[in-house]
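Have a look at the structure below before the remarks.
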């Protein structure tokens, strides 16, 4: 779960990590209410789950209340990379002396946390790695609760961080590492990490990505989960414990399956035949006919979907429950073409149920055959 | 003699008193697996399906000379249960749960290495040596005994593959669910040497997917150490970037790390036969047999 | 460093582990001063660094002050296994319902701490292991600061500890394990661990052995180190950073060498030839002539020593410094026979110095030759 | 190619700016060892004997492609320095200090196993492959190049032995100071496979002493895996019980655990030639050559 910037600042604050303080607002009226609390000049930042905000005009400054209102309204009416801006974060503008980069992330190769620091910042870390490798240090961290002195000393020596900043930097790193561990982060990034005119380090922007599987340990964060999701079908699916995955905006096929691997395989085969999947839904294991009917209704609500491919290899999931789900949802999905492949537990019972249904169900035997049928139906 | 589980495997089921634990214990027993004990803290002294239940793994292990354990415990209890099994020194620990926090797995992965025990999973169907024994939740009737070794991050892709094989008269030596999480207890490269050494295995099938770099690491290991033919399928070629495809581990990062192309290229360079689909795996096996 | 019992109780108290509270006294007068502070009946326990105190009469009870004085004086005048009793520990007598055993020690084989618990106690643990293996649990502990639930649960199930005591027992174990780790213990043993009439667990006796190499981390304990050493030569050697090791009471040879291995080898060879070493002194590496002279004087003070065997294989230790040391101490050791073997750094310079000395130095070339010379001198 | 250190060893000296560190660096250089860098926190950027000093092991390792480190640091700093070396992944770490707390070594021993690096010592003279390179404080002139492998808990007994050998025209392949502490980084059994595989080693000499059970564990390993002749000396047969003989590890417990008899019996059963003294080691070598 990727936190919005303002939420990341809240986490930083809770750990007393120097960062931007400010207020959020979702409407022009809310901005008005804040006016009295602010010290000008201020910065207004769009709260969206994507990078490149600055270039898109999502970060602006204001010298007074009038300008604040104009700029905020402007931003709140924006879309950035197709994402509507629901919220702005407003705080005092900071005079930046230097921009740096700091992050902790998980290295999947070594299965250890990795610290990345650069005395260059404000741009994408891959750009820094390419253009200024000398100013960047990347170091694996021994698993354990503490960040050893020698790890930080190496980073300091490698990047040549100026002596006056080193003590602050050490504390900063230790705090961010504690956040990384305690909050179950996949990523805890500060970019830019700035030095202000007074020589103080501060997080001017923050990205925190928290492991979805660990959200049960962070209920105070979990409740903000839906805030960052704009797709109503994703939310609806989540409420039934399904995973709805948007694939290609331009596609017309929905894939429903009972496992991540099978979904990927289905998409791969369909794409290989020149067709396009627009969304997929993972039922997980052991879904009942009632829940399967809900799943069908959810994908059917996507106006781009004209074809639904149900591909089931049932183990815990029973084919008769799948068939029952199709039957129960028929009136809601009747406008869609249905290609169904059932394999595994209670396959024959499931097929028998489906055969009793009047309508144009296409029953196929095998994944490959299913994709073939899809292609034939589209004259591909 | 299969290398992970076999007719002489003496299995503990941690979480045996839970709904899933009991159900799959019954299935494992039906398949002929020697389930010798169950463990559920607080339920010591009871029985499930005639199998004695203990409070601790050590007691179960000592009393029944157990040499493997399978964990049917919810993800939030996985860390504790696996930690206990590792520290008790059970040589083979298979974890099933989907949804384990990645920081927990990070610690368990290193701990198992330190203690010299083998940890499989989580988010895995388990391990089966068809015709001999199984530990996990796989639908065993779709497997058949034979000479192809299979390891897979995905359960469904694996099922599809082995069932295709079975219907074509081809069986498996051992099938290992590596699991779909970001950090597996054992990686493809960790398991490859066992297939290489296994006399029952003639061909190795690796079913990978996008995300991480385990397939690339496996490719390097294959190039240097594996003499048997290897077939690989990488699922998720057409998955969008920066989007989890259901498995926590199946995600291509925004900068393209973990892409199917990178994996296929590495494997191809190592002399691995790349399959385009599960059907294609079958075709390649037939060609190589 | 093996703490005296009363000191172990002090450590337990500091960690709030239920244990015996009491007072120490070194003289009859000190006992008299305590009389008013006590609740009778009391127990009086000799504070000596050896087991089998009880059998030797080193633990006695008193019902009133008169009896306390008699018994205390008796114990303070005792020797237990040749060790004089310098101190008694006096506390309220506890009515014991059950005696058990608990210890944490270091398993050198697995390099892990090991917990040993038995619902039988009060006797030697090896006896329990032999006679009542069912009542004993021994379990290796994963290295780390915490004692896991499953470790304790195993111990409880294995020994069948009664339910009413289990919670107390868990806390007790966790506290003792913390002591074991934080105080750098080689052994932290409670025997007997008792249940009193009220059903409360309590340490009635305690043995704590602290790693000498870690004493710098425990200055408050280090200062009691000399208290437990009765041999004045050990203390004198320690003040010069030498290790003086008493070997056989009945021997007559002292071995001086520059390393533990060489000392053991020398003793082995000498013993093999039917002679007896009474003490050994390890110079360590790089001793100067001044310090070597001190070492010679120390062993010469042992009245049993009539022969000193100096066996040096010099690396950092220089043979000329050894020779200088012999020369400087000659007047103090003239009553003793001296057999000297020098090898290694500056061997020839050392031998030249020794050859200038008037007196009956026996210079030998090699360890084996040295032992030969010793034997010949004793007509063996 | 010697297995631990050799002419291609690129050595870091941790604690190079200390008195002992500097002195022995000079000695190691004189012997031909490639000392490529020093590490002393806070002294980064300086030089000792023309060798650059860094604040961290990682920087030293990265800049000089180092593959081994020797630690001349006082016992109370050993844990931190060895922890850094282990976690930086230096494959060979030799520790010298006498007087390291045993709880520190307990943690380091397991950590090194977990990280897959080799830790030698502490309370050790180091490692020498005569004629090639040395890392440690041993007086190298008493060693000679040859075909006998030696490992020893005691420095002085080892010196006595190799010098006797040298004067009799017999040299050593590699000599390893296992160290005299209760918990060594590497045990006899850990090091045996290297001597077995080493082409330069014809005979293995094990110099043990009372205390612990490493000799017994080695005996079992020898019985199962070692084909080369092994000679063993156990020092301390006549040491009193429950009394430390100087080495922290050389102590027979009150119940007799760690006695010389137990060790000699185990070794003899494993087919090891038992020497009564250092002279006797020489006699046995001559017989076996």
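Think of it as A, B, C and D in the order they're written, each chain with its own count starting at 1.
The rule is short, and it goes like this: a contact is a pair of C-beta atoms (placed from the backbone, for glycine too) under 8 Å apart; a residue touches a chain by one contact, two chains touch by 3 or more.
Remember, predicted model here, so these are calculated numbers, not experimental data.
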Least step count from chain A to chain C, where 1 means the two chains touch: 2
Chain separated most widely from chain A, comparing mean CA positions: C
Selected pair, greater C-beta contact count between C-D and B-C: C-D
Separation of chain A from chain D, taking each centre as the mean of its C-alpha atoms, in whole Å: 53
Chain C-chain D separation of Cα centroids, rounded to whole Å: 28
Chain centre separation in whole Å, for chain D relative to chain B (CA means): 40
For chain B, residues that touch 2 or more chains besides their own: 110
Graph class of chain-chain contacts, one of line, ring, star, complete, other: other
Full enumeration of touching chain pairs: A-B, A-D, B-C, B-D, C-D
Touching residues (chain side chain C, partner chain B) in the complex: 139, 142, 148-150, 153-154, 157-158
Residues on chain A engaged by chain B in the complex (per definition of touch): 106, 108-109, 111-113, 126, 143, 181, 184, 186, 211-214, 216-217, 243, 245-248, 257-265, 267-272, 277, 282, 313, 315-316, 343-345, 367-368
Chain B residues touching chain C - in the complex, by the definition given at the top: 41, 44, 54-59, 83-84, 87-88
Sites on chain D touched by chain B in the complex: 110-111, 113-114, 116
Contacting residues of chain B [partner chain A, same complex]: 75-76, 99-104, 106-107, 109-110, 137-139, 142, 152-160, 163, 180, 182-183, 207, 209-214, 217, 235-240, 243-250, 255, 258, 276-279
